[in-house]
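See structure below.
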Amino acid sequence: MLTARNLECIRGEHKLFSNIFFSVNPGELMFVGGPNGSGKTSLLRLLCGLSSPDSGEILWNGMDIRDLDGDYRGMMTYLGHLGGIKDDLTALENLRISCALADCEIDENQAADALGQIGLAGREMLPAKVLSQGQRRRVALARLLVVQTRLWILDEPLTALDTAAVKLIKEILEHNLSKGGMVIMTTHQEIVMTAAAVHHLTLS
Amino acid sequence: MLTARNLECIRGEHKLFSNIFFSVNPGELMFVGGPNGSGKTSLLRLLCGLSSPDSGEILWNGMDIRDLDGDYRGMMTYLGHLGGIKDDLTALENLRISCALADCEIDENQAADALGQIGLAGREMLPAKVLSQGQRRRVALARLLVVQTRLWILDEPLTALDTAAVKLIKEILEHNLSKGGMVIMTTHQEIVMTAAAVHHLTLS
Amino acid sequence: MTINWFKYASPASFYFLAGRMLPYFTALAITLLIVGLYIGFFVAPTDFQQGEAYRIIFIHVPAAWMSMFLYVVMAFWAGVGLAFNTRLSSMVASAIAPTGAMFAFLALWTGAWWGKPMWGTWWVWDARLTSELILFFLYIGFMSLQAAIDDPKRADKAGAVIALVGVVNVPIIYFSVQWWNTLHQGASVSLVQSPKMATAMLSGMLIMTLAAWMYSIVIILIRTRLIILERERHTAWVSELKEGVLE
Amino acid sequence: MKWESLSDFFAMGGYGLYVWGSYLVAMICVIGEVVLIRGRKRTLYKHLGQSRRSILRG
Amino acid sequence: MIWWIVKRDLLLAMRRRSDVLTTLFFFIIVVSLFPLGVGPEPSILRTMASGVVWVAALLASMLSLGRMFSSDYADGTLEQMLLSPVSLAALVTGKAISHWLVTGVPLVLMAPVLGIQYDLAGDALLVLTLSLLLGTPVLSLIGAIGAALTLGLRGGGVLVSILVLPLYIPVLIFGTGAVEASSAGMEFGAHFSILGALLLVSIVFSPWATAASLRISMS
Amino acid sequence: MIWWIVKRDLLLAMRRRSDVLTTLFFFIIVVSLFPLGVGPEPSILRTMASGVVWVAALLASMLSLGRMFSSDYADGTLEQMLLSPVSLAALVTGKAISHWLVTGVPLVLMAPVLGIQYDLAGDALLVLTLSLLLGTPVLSLIGAIGAALTLGLRGGGVLVSILVLPLYIPVLIFGTGAVEASSAGMEFGAHFSILGALLLVSIVFSPWATAASLRISMS
C-alpha cells in the first residue's frame, strides 16, 4: 500500500501543491489530473523517489520509501516522459537491457514475444532511431509486459499512441490491477478503466 | 495551393505509402491519420521539404517546392515532434529567436503578448528546462500566433496539452483557416474543426 | 561503333560489365606482379650504396604512388556522385577508399622498414613522410565517416564532401609540410637517392607500379560489385540474379 | 642467377629482415584485403539467400 | 540574420558563463600539463612553446565543435533553420562566428600569458598572439564542416577530430612556423600572408560546404 | 549485473565498430600533431615522447568521458539505473570497466608504435606501455566521478576536464616519470608501485564516489 501524507512541492517561487494526502491499495488505480504545469510530473517523481518532497512523507506499507531504498525500487516501475530508449540499439536490445536494469532479465524470445504483443512484430531488429514516435513509446511500454513489480507509476503513458495501442495499454493496466497491482498515472486523455477502486487526484 | 502527386515513401525495406494524391486549397484543412508507424511524420517531412520523396512530386501553386526553395519555406511553418526549444533560454527568448529564424522578427512586448495568450503569463522569464512538458509545447506553439505564413504543417500539435490548451489551439487554427490559410496536421485525438473543407488522409 | 556510356552508368549494367572485365585484369595483375618481382629480385643489380635493402623500392614506390593517385580518383568519383546524383560513382568512391588506405599504410610501413637500415631510424618527420601520414589519416577519416552513417545515400554525400575538402587540402598540406621542414636546419637525414637508377631497377619499379594499378582495378571492381549487390538487393534484377547462380 | 644459394637469397645481403619484413607485410595486406572481401561476399550471399528463403516461406 | 544567430549563441554561452571559461581553462590546463610531462628544462620548454600552445588551441577549438550544432539538432532548432527562408550559408556563418567568439577569442587573449610560462621573449609572444588571431577563425570555419558532417552520429565527438585534425595541419604549421621564424630572427611576414590566405579561402568555401553538409546530415 | 552493463556498453560500442577505432585514431593523430607543431628535431622529440604520449592518453580518455553517462542520461536510462534495485556502485563499476576496455586498452596497444615515431629505444617503449597499462584504468575510474558530477550541465564536456585533469596529474607524473627514469638508466620500480597503489585506491573509492555523484546530479 502506498500512502502519501501531507505532501508539499515547491518549485522556484511557485507552490505547486501542498496538503496532499492519499493512499492506494492493491488493485486500486489513481489518476492524477490537472492542467499543464500543475505539478503532476513533479508529484510522480516524488512518489518514485527521484526527488524529495519539501514536506510530508511517502510510505510503502507504512515505511518511508527513503528508508526502504532498493527494496522499494524493486517493487516499483516508473515510466516518465523520456522512455530510456537508446537510438542506436534495436527495439529488442532496448527492451532486454531496460529489463535487466530493473533486475528482471529476459531472453531474446521473451523480449520478442513482448514486442510482438505490443504491436512491434517485424520491427524488433530496427534501431530505435528509425522508429516512429508511437513505436518508441511502445518499446518503453513493453517493459510493463515483463516486469513483476506491483506498483506502476506512469507519466502520460498514452501520448503518441494510436487508438489500438491505447486500448492495449488499458488492458495491460487492468490485468495488473486485477492481479492486485497498483497503478498511478497521469493523462490528458479520457480513459475509463475497471479497478477495485479508481481515485482521482486533481491538482490545479 | 499545395498539391501532392503520386507520392511514395520507402524506409528501409518497408514501403510506407505510395500513390498519394491530394491538394489543399486556401481555407482548407487536412487531417493525416493512421496508426503508429504508418508514415504520418514521414509524409509531413516530405511536404515541408526536409526530405525528398522516393517518387512523385509536391507542388506549391503548380511549382515544385524544391525549385521554389526559400520562397516556399517563407510561406510555410512546420512544427514537429521536437519543439526547437532551448533548455537554457527563457520562454520569451525562445519565442523571439524561433520567430527570427522564420524571418519574422518580433519585439519583447509582442512575444510576451503571445505567450500570455497561450497561457504562459507569469512564466515568460523561466528557463525552458523547468517548464512542464505541456508548457514547453505551448512555447513552441506560440509561434503560430505571430508568424505570417499561410501553410501550417503540424505534427501532433496536441500532445501533452491539457483540454484548455487543446481548445485554444483549435481556435488559433480555425482563425488561420478563416483567413485563407491552410493547415495539414496529424493527431491521435479526436478533434472537430470548421474549415472551408476538411480532408482526411488515412495511411495504413 | 558507338558505345552507350550511360548504359554502363547504371549499377546493374556495370555489375555485368565489371564481371566480364574482371578475369582479364586479374590475369594482367598476376602476370605483371610475377614479371615485376622477377625483375626486382633476379634481374635488378645490387645497389652500390644501399646493398640489397633498396629492393624495398619495388613495393614502396608503387604503394606510395597508388595511395596518392587513388585519393584523387576517389575524390573525383565522390564529387561526381555528389554533383550528378549518380549512385554508381559514389559506390566506386567507397570501393576505392580501403584499397587507397591499404596502399598508404604500405607506403608508410615499407618506408619505415627501409628507413631503419638506411637512416638508422624508423621514422623522421620529413615532408614526404609527414604528408603521406596525413594522407593516410584522410583516408581513415573518409572511411570512419562512411562507416558511422547507416543510410547509404547520406554516407555517399557526406563522404563526398570530406573527400573534396581533403583533396583541396592535400596540396596545401604537401607544400606547408615541405616549407615547414626547410625552415629548420636541414633534417639530419634526407632521402637517399641512388645517383642514377639502373634500367632494370627502373623498369622493375614501373612494372610493379602497373601491377599495383591492375590489382587496384581488380579489387575495386570486385568491391564495387559487392556494394552494388548490397545496396540493390531489393531490386528486380538482383532477385532475378538470385534465382540463377550468384556468380 | 645473381643469388648464390637460397639462404643467400633470404639473407638479402644482411638486410633480410627489412626486405622480407616489407614484402611480408605487403603480402599480408593484399591477402588480408582479399580475405576481407571474401568474408563480405559470403555474408552478403548468406543474406541474399536468406531473403530469398524468407520470400519463399512468406 | 547572421546577427540574430550570433546574438542567440552568445546569449546561450552567457547563460552558462562557465562555458566560455571552461574552454579557456581547458586550454590553460593542457598547456600547463606539458611541463609536468616533459620536465622543467627551460631551453626545451622554449623550443616547445609555440607548438604546445598551438596544439592546445587546436584541441580546445576542436573539442567545442561538438556543441556547435548538436544541441540545435537534438531539440529541433536545426530543422527550423533548414526550413528558414534565410539562406542556410548565412546561418552557418553566424554559427561559425559565434563559435570563434566563444572559443577562439579567449584563447588569443590568453596566449601571451601562457607564452610567458614557457619563457618566450616579447617579440615571439606578439607573433604567437597574432598568429592565433589569424589562425583560430580558420579552425572554427573548417571545424564547422566536420561538425555538420558528423551530426547525430554516435561517437561524433571523436569522429569529428579525425575529420578535421588533418585539415587543421596547415594552420598549425604556418602558425608555429611564424613564431619560430621570429624567434630565429627571420622574416615571418610570409607565414602571416599564408595564414591570411587560408582564412580567406575558408571564409569563402566553408559556409557553403557546411550548409551542404547540414542538408546531407538532416535529410 | 556489472557484466550486463559491460556487455551492453560493449554492444553499443560494437554497434559502431568505428567507435573504438576513433578514440584510437584520435590518440594517434594528437601524438602525431606535436612534431608538426614543435618541428622535426629527433633529439627534442625524444625528450618529449613520454610526456606527449601520456598527455595524449589523458586527453583521449578524458574526451570520451562525456559519452560515459550522457547518452544514458539524455534518454532516461540513467533514471532507470537509479531506480534499479541493484547497487548503483556496481552499475557504475561496469560502466568504468567498459570505458577502459573501449578507450584504454587500444591506447596501451598502440603506444609502442607511437613511441617509435618519437624514436624511443626498446626499453623505454616497454616501460611506457606498462605505465599506460597501469595508469589508464585509473583514468577511467577517476573520470567516471567527473563525468557523473557534470552530467546534464551545459558545457559539461569542458567542465569535466577541469574537474578531472587535476586529479589525473599524479598519474601523469608517475607515468612519465617511470619512462624517464628508465631512459636515464635509473630504477623505475618505485614509480610502478605508486601507479599500482593509485589503481587500488581508485578501484576502492571511485565506484562509491561516482554513485554518490550520480545521485546528486540526478536529484
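Should a chain be cited, it is by its letter among A, B, C, D, E and F, assigned in written order, with residues numbered from 1 in that chain.
Criterion: a residue touches a chain if its C-beta (ideal position, glycine included) is under 8 Å from a C-beta of that chain, and two chains touch if they have at least 3 such contacts.
If you want to know which protein each chain is, UniProt gives these names: A, B = Heme exporter protein CcmA; C = Heme exporter protein C; D = Heme exporter protein D; E, F = Heme exporter protein B.
In this text the structure is predicted, and so the values were computed from the model without any measurement.
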If a chain touches chain A (Heme exporter protein CcmA) and chain E (Heme exporter protein B) alike, it appears here: B, F
Separation of chain E (Heme exporter protein B) from chain B (Heme exporter protein CcmA) in steps, with touching chains one step apart: 1
Of all other chains, the one whose Cα centre sits farthest from chain C (Heme exporter protein C): A
Between the pairs A-F and C-F, the one where more C-beta pairs touch: A-F
Distance between chain centroids, defined by C-alpha means - chain B (Heme exporter protein CcmA), chain F (Heme exporter protein B) (Å): 46
Whole-Å separation of chain centres (CA-atom averages), chain B (Heme exporter protein CcmA) against chain D (Heme exporter protein D): 56
Length of the line joining the C-alpha centres of chain D (Heme exporter protein D) and chain F (Heme exporter protein B), rounded to whole Å: 35
Multi-chain contact residues (two or more partners), chain B (Heme exporter protein CcmA): 81, 87-88
Sequence positions of chain F (Heme exporter protein B) contacting 2 or more other chains: 12, 15-16, 18, 22, 25, 29, 36, 39, 41, 74, 154
In chain C (Heme exporter protein C), residues with contacts to at least two other chains: 137, 140, 144, 148, 177, 180
Footprint of chain F (Heme exporter protein B) on chain A (Heme exporter protein CcmA) - complex, ascending: 48-52, 70-71, 73-74, 76, 78, 80, 82-89, 93, 97-98, 100-103, 105, 127
Interface residues, chain F (Heme exporter protein B) side, partner chain A (Heme exporter protein CcmA) - complex: 1, 4, 8, 11-12, 15-16, 71, 74-77, 79-87, 218-219
Chain C (Heme exporter protein C) - residues contacting chain D (Heme exporter protein D), complex: 41-43, 45-46, 51-53, 55-56, 59-60, 63, 98-99, 102, 105-106, 109-110, 113-114, 116-117, 215, 219, 222-223, 226, 229-230, 233, 238-239, 242-243, 246
Complex contact set, residues of chain C (Heme exporter protein C) against chain E (Heme exporter protein B): 134, 137-138, 140-141, 144-145, 148-149, 153-154, 157-158, 161-162, 164-166, 168-169, 172-173, 176-177, 179-180, 183
Residue ranges of chain D (Heme exporter protein D) in contact with chain C (Heme exporter protein C) within the complex: 1-3, 9, 12-15, 18-19, 21-23, 25-26, 29-30, 33-34, 36-37, 40-41, 44-45, 47-49, 51-52
